[in-house]
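Presented below are the structures under discussion, each in the form of structure tokens.
Okay, so subunit A shows up in both of these, paired with subunit B first and subunit C after.
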Partner chain A sequence: MKNQTNLTSIQLMLFIVQTQIGVGVLGLPFSVFSISKGDAWISVLLAGIVVQLLITIFWVLGRRFPAKSLFQYSIQLVGKAGGTFINVSYVFYGVLVTSLILMYSTAIIKTWVLTLTPKWIIMLLLMGTAVYLGRELLSDICNVYVVVSGLIFFLILISIVVLIIYPVDWRYLLPIGHSGGTKILKGIKEAYFSMLGFELLLFLFPYFQHNGKRSVLFSASMANLFVTLLYAFLTIVSLITFSPEELVIIPQPVLYYVKSLYLQIVERIDLVFVSLWVVSVITSLTSYLFLSTEGVAHTFKRIKRSVITIFFGSSAFIIALIPNKEAEMELYNKWVINTSYLFILIIPFLLLGISFIFKKKERGKNV
Partner chain B sequence: MSSFNKRNRRIPKQLLSEKEEVVPEYLTLEEKISYFRNGLFNTDDLKIRELTFNSKIMTIMFIDSVIDNRSLQTYIIQPILEKGSGDIRDVVSSNSIKETLYLDEALSAMVDGHCLLLTEDSEILTLICMPRILTNRFEPVNEKVIRGSHQGFSENITENVHLIRERVSSPKLTVKYSSIGETTRTKYALVYLSHLTNPELLKMIEDRINYVQADAIQSPGYFEEFLEDNSYSPFPQFLNTERPDRVAGNLMEGRIALLMEGSPTVLLLPVNFFSFFQTSEDYNNRAFIGSFVRFIRLISFIATLCLPAFYIAVISYNYEIIPVEIIFSIKSSLEYVPFPPLIEAAIMQLTLELLREAAIRLPNPIAQTIGVVGGLVIGTAVVEANLVSNTMVIVVAITAISSFVIPSNELSTSVRILGFPLMIFAALFGVLGIVIGLMLLLIHMSTLKSLGQYYLYPVVPLDFKALKDTFIRVPIWLMKERPKDLKPQYKWKTTDPRGWEKNEESD
Partner chain C sequence: MRKKCIIGLVLLIINLSLAGCWDQRLLKNGRLVFSSSFDMVDEDTIRATAIIRDFKDQTPTNVVVQGEGQTIRETRMSMDRKISGVFEPSKNRVFLLGEELAKKDIYKFLDIFYRDPNSSISAKLAVVEGNGGDILTKLSEKNVLISEFIIELLTSAEVSTGIPKQNLQTVCTVMFDEGKDFALPLIKMKDGEVVLDGTAIFHKNSQTGTLSFKESSLYLLMNNQKAKRTRFVSKIGSDNKMNIDNYITYNVSKSKSKLKIVSDTPENIQVKIDVKMDISIVEYPKDKLTDKSELKKLNKKISNDLTVDAKKMIEKIQLANSDLFGIGRELIAYHPKTWEKIKWAETYPTITIVPTIKVDIVGHGIIN
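This part shows the complex of A and B:
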């Protein structure tokens, strides 16, 4: 789109990667393990395949309207009222996910690093940084994402070190498939929460379409492949480091195995690790804020972008302050995950169906 | 041989425009003059003087920033006016008088210190060698080098242009003089290479200068604040230098230099963050050493920014991070110190800034006393009085030293000041606070632009090719193309300068 033609496919890939990797990465092995036990890694891989299917569908949908994002073609497909409704609901969805991420990350920071600091201060720190980045243009956001992506390799490196110097036991993975098909399939649902973020493809498509439609699919798939493999790797490392009895009681296995690592110069590497992981959380927050901002900025072109971002940032902040107990947070989590099916499965399918039946599509202007 | 062909293919690209025009056909005097004007891209330091000699019009063309104007007056113009007729060789007094028919030869000779005589109705161009402007040779005190040029800019704008012309002896080097400031009428010059610098950049900076309406412009600092993209940013967005070789090097990258009368400081624009870590010496050292030094500088940047903050975070929050053995010794040094680490660090940092500020304006011998009093007396006494712990003194000292490693003075001061908010963040939120602080800084820097160019290039946006001259310095023959952030009109730098290796092997 205007002034943003310098966006590359690597930026798209890292945008999706940074959105997907976030709060879930630390707890993913635990939550998947609690359902599908030793076969958790199979669930993660299967979840990756499901996500890949969804990405392909989003791409097919986006390809029909190459120069527009979902916010624009929804109106074209289901009429003004319906389209506006869909757009508003996506904007809300962005805010809801933002506050969900905020809640969970704050909870983890509070248990691991800043035990005595009030909740709202930590939230303010995270949200403030996310808003500061989120009010910028997409190209600036992408640039920052590319730089901070270096931290992911830090995560991989530490996991590899754990694999090498730890007395790991590969037999915890055996026998493969012992927990049964249904449990593995149920585990997919758990892994899916950490995989959220790929839906941003629906809104990013027009920004990257000048690279070629195929390259958009390729970047998104590569992002998904990378994240799936990374998650599967982390799950395997967690599974073989801790015995099944241990794994039941540690909600953030990744942090636990990092914690037990002993390097000569840094004693408690997990504290540094959590602090760096915050960067991934901030990028995820920013992406969802960007989603909400995009939705409004398209309709009301007169309002400044930063005002919109600040508004949504503070609403997500306030929502995140409401639940007090962990049970309430769990409830909110379940609720958001359930509504996410609506936004990730139902609406895109519906739009795609309408687009196919009524043969509504647009050729992009030859770029 | 193939590499030889390649070289032949590329070089004419630059010279083609002139070579083609040299068809020995009859040109009138006006046409010749306009040829030279265009050949020098209408630079403002091209001067033309018309005389009558042998009852014909004679035009003297010269570049006033290259040759000594007083000699021109006494040895050329005065004799011509006095005698009025005769052979030009007998009239002027100069050690070398050449005649040529080729306009392009005359063009490059003019840049090289000749003045040119054109006569009406004559094909012959007379080139007279002139003495150059004499400049004082002194090294800028704030940018010393061990190996390399020891020449610094003076305070006279013509001399400064001369120093640049000495290093970039090309007719393409264009100088645009102008003056600014209602009352002060300060003379300034924009210097750039016409065939290299991106015209859009040039237009942008000229537009911005046109907006400047001020009563007085007293120093390049005024220009900086009027022209930079974000005036509230702690980072300098234009590079200050007093070294002609640095200016020449940057002009060759496609940058623009802004010179000002009465100031030896030249502004280079646009620059990126990493320009502040490059010195002209890097290219004189071996690539290994150059890379190592570059690396040290970048580490020192990080140390200046984060070290005190990290220490505070470790001491007040996350002491689990450092090994147990060190904790004991730190703890024992902290035992009798009454202040929290933040106050401790602030006291020491402020003392350091006091010493630095006091030492700047004092004459050298007294400044040394300040060093002794400040460094030795205060340093030891403060620890013995238990006002500040031992380790904090070490931390602050390392911070100070590493801040002085950064070659640019403004950047090093900015970074030291940026350390303070980071220290507060660290005191409030520990390591997490530092990460948040650095993240905010990164976001700021990656959205910051200098004259519309990304400040953090080549990291933001990531450009692997340009990293060759950023964190490390690869051998010069590997940098075959210019970085693309400035969008220069051509990218070519070298073509296989070590092509001889192949030939020698085959022998």
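This part shows the complex of A and C:
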């Protein structure tokens, strides 16, 4: 962990933003809409509040062990056997999410852009880039994330152009609250998948704690605020460009409204959009690979970092190749999302509880 | 040194693999389609006519191909067999729909374009009185740039508020909207010439009526869709010796329309559409446009004339059951309780829509 003290809070913020924005961004309005209809944007905002609560809890937990990541204090809290088990499961979780992202992004690229290209080539190209970046140290990854964050603004810009050029109808949002409270609450669950990525805070905390504990919470919250507002914006744009019945049949509304733009010179702006979006997908892949690599690198200090990343990258690649049909992918998706509750809700809560009850904590001074 | 050699070798090998791509579509293999039309031959068979751009001695020429089939994709396959090279419709800028086909559910025929990522959904759409194929073949005899001609015909009418700005995608949005209907430009053959003849209006996804050019401009103004230019001619008298003295021609420089639901009881829905516009006179042989009382009279006469026209137009669209103003959407958004109680397709023709148009003369050119 040499020379990693120059990490700034902005880097933490962009790390979380880049992890959260990924494959889900294109389909988020559709999946939330299919549950909470015209009030999908409310669900997205509420999901942001839920995520904010979780971030605060992670921060409270991380603050008690400022110099350590979850991989280290888990052993301290629940003993060697239990801690190792938790660590191994987080490593697996990282691999599972990596292959989930890989699967879905490849499916989208294949249906929208490269229809004839074999699946494994696209996956290999995505994975290759992610592994190449993921084997580096955190500071290097962060630097790349900061540079590519500029691309997100292009995504926003293109959506604003749609708002101006396309004959949108704001009345599609009305009447507000028509779908009812339960449906809006259920919609939160759909938005949650696209928000995944903030749990990386559990592992990033020690790298950024030198900026001050409060600044860690602040950057994580800013990241969450940015992503929530961005998602709500994209959802609203999708809701007002497509009529409700139409949105039901468009699984990637964000891409579809970009496709319907016609600027004299460029015929298919959706291709430009996909190329920008692929960068966000790769950063998400990288972050989860980094999570898995961290978990192992802590335990087995002798193994080279790149070897670990390549190993996890190829296992995620192989898992992603298994499902063939959309139904199988959905099954896998459902399964991963359900297990994610374990890693995002149950384990951190458990650890926090134990830490409170047994008054186990450390001060930041003895780094 | 050795390391460098290895890297160089690897790069060279990678270079070889870069030349191939599964998804390349080379221009030299494709036959670009620029406009196409779809007609019904009989109850079940569709005939597609496509104009393919070719180059002979560096001047563009057109080739007409036709294909028949049960589905649009089948017509494409049949056309593909008739031409050399690959049938490449992704640059298609204009689609013409034959009358018979437009009277059926047009979404069924357009589905292929929404489904295929390569199709250009910003292409223009128009309905043809009679057969679309006839228009394309007629135009190709004259050997003009057919698609450019049709597109310019449509865009110039869009600029002068004659037809609504629609493309494949915007139409799709309205097709799926239960509280809104749409209108498409209507093209027809007249004395061997291709002319734009107002708009075809739709109920759900099928054509149920037509509007003349003037009526569609009026509709666009009332729907707040004024484009750059709007020009009307009104009759303001009948007792003048010269017939031309009975008429006045004016530009609409500013127009604002307000749609208001006055009563939302399910049995008696009343809608008011108030339009206020500023106009400037462009032709009025009787002159003397500085007289205040004369102006007032003119304002009133023109307002009356337009209101009468608007009433006729609304009668027409209600008869066609075409909710062009999106009153249904207005009800969904602001009166959801009423909406739940009614069957819109049955209620819409019976509701009361009252238009009022008020004009104000603000300009008269460089003479009085």
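Structural remarks
The rule we apply is simple: the second predicted complex is superposed on the first by the 363 of 367 C-alpha atoms of A that agree within 3 Å, B and C clash if a C-alpha of one lies under 4 Å from a C-alpha of the other, contacts with A are read in each partner's own complex, and residues count from 1 in each chain.
Convention: a contact is a pair of C-beta atoms (placed from the backbone, for glycine too) under 8 Å apart; a residue touches a chain by one contact, two chains touch by 3 or more.
As the structure is a computational prediction, the values presented were derived from the model and not from experiment.
Shared-chain residue A:L116: touches subunit C; no touch with subunit B. Within the superposed three-chain model, A:N338 lies out of touch with both subunit B and subunit C [touch as defined at top]. Of the two partner chains, subunit C is the only one that A:S243 touches; subunit B does not reach it. Residue contacts after overlaying the shared chain place A:N324 against neither subunit B nor subunit C. Contacts of A:S260 after superposition on the shared chain: subunit C is touched, whereas subunit B is not. Once chain A of one complex is fitted onto chain A of the other, the partner contacts of A:P167 are limited to subunit C, with no touch recorded for subunit B.
Comparing the two complexes, residues 113-114, 117, 267-268 of subunit A contact subunit B in one case and subunit C in the other. Interface residues of subunit B, counted against subunit A in their complex, comprise 318, 320-324, 429-436, 439-440, 442-443, 446-447, 454, 459-462.
Touching subunit C in their complex are the following residues of subunit A: 111-118, 166-167, 169, 171, 174-175, 178, 241-246, 259-262, 267-268, 270. Within the complex formed with subunit A, the residues of subunit C that make contact are 21-23, 90-91, 117, 120-122, 165, 167, 169-170, 172-178, 180, 326, 329-330, 332-334, 336. Partner subunit B is touched in their complex by these residues of subunit A: 6, 10, 109, 113-114, 117, 125-126, 129, 132-133, 136, 139-140, 143-144, 146-148, 264-269, 271-272, 274-276, 278-279, 282.
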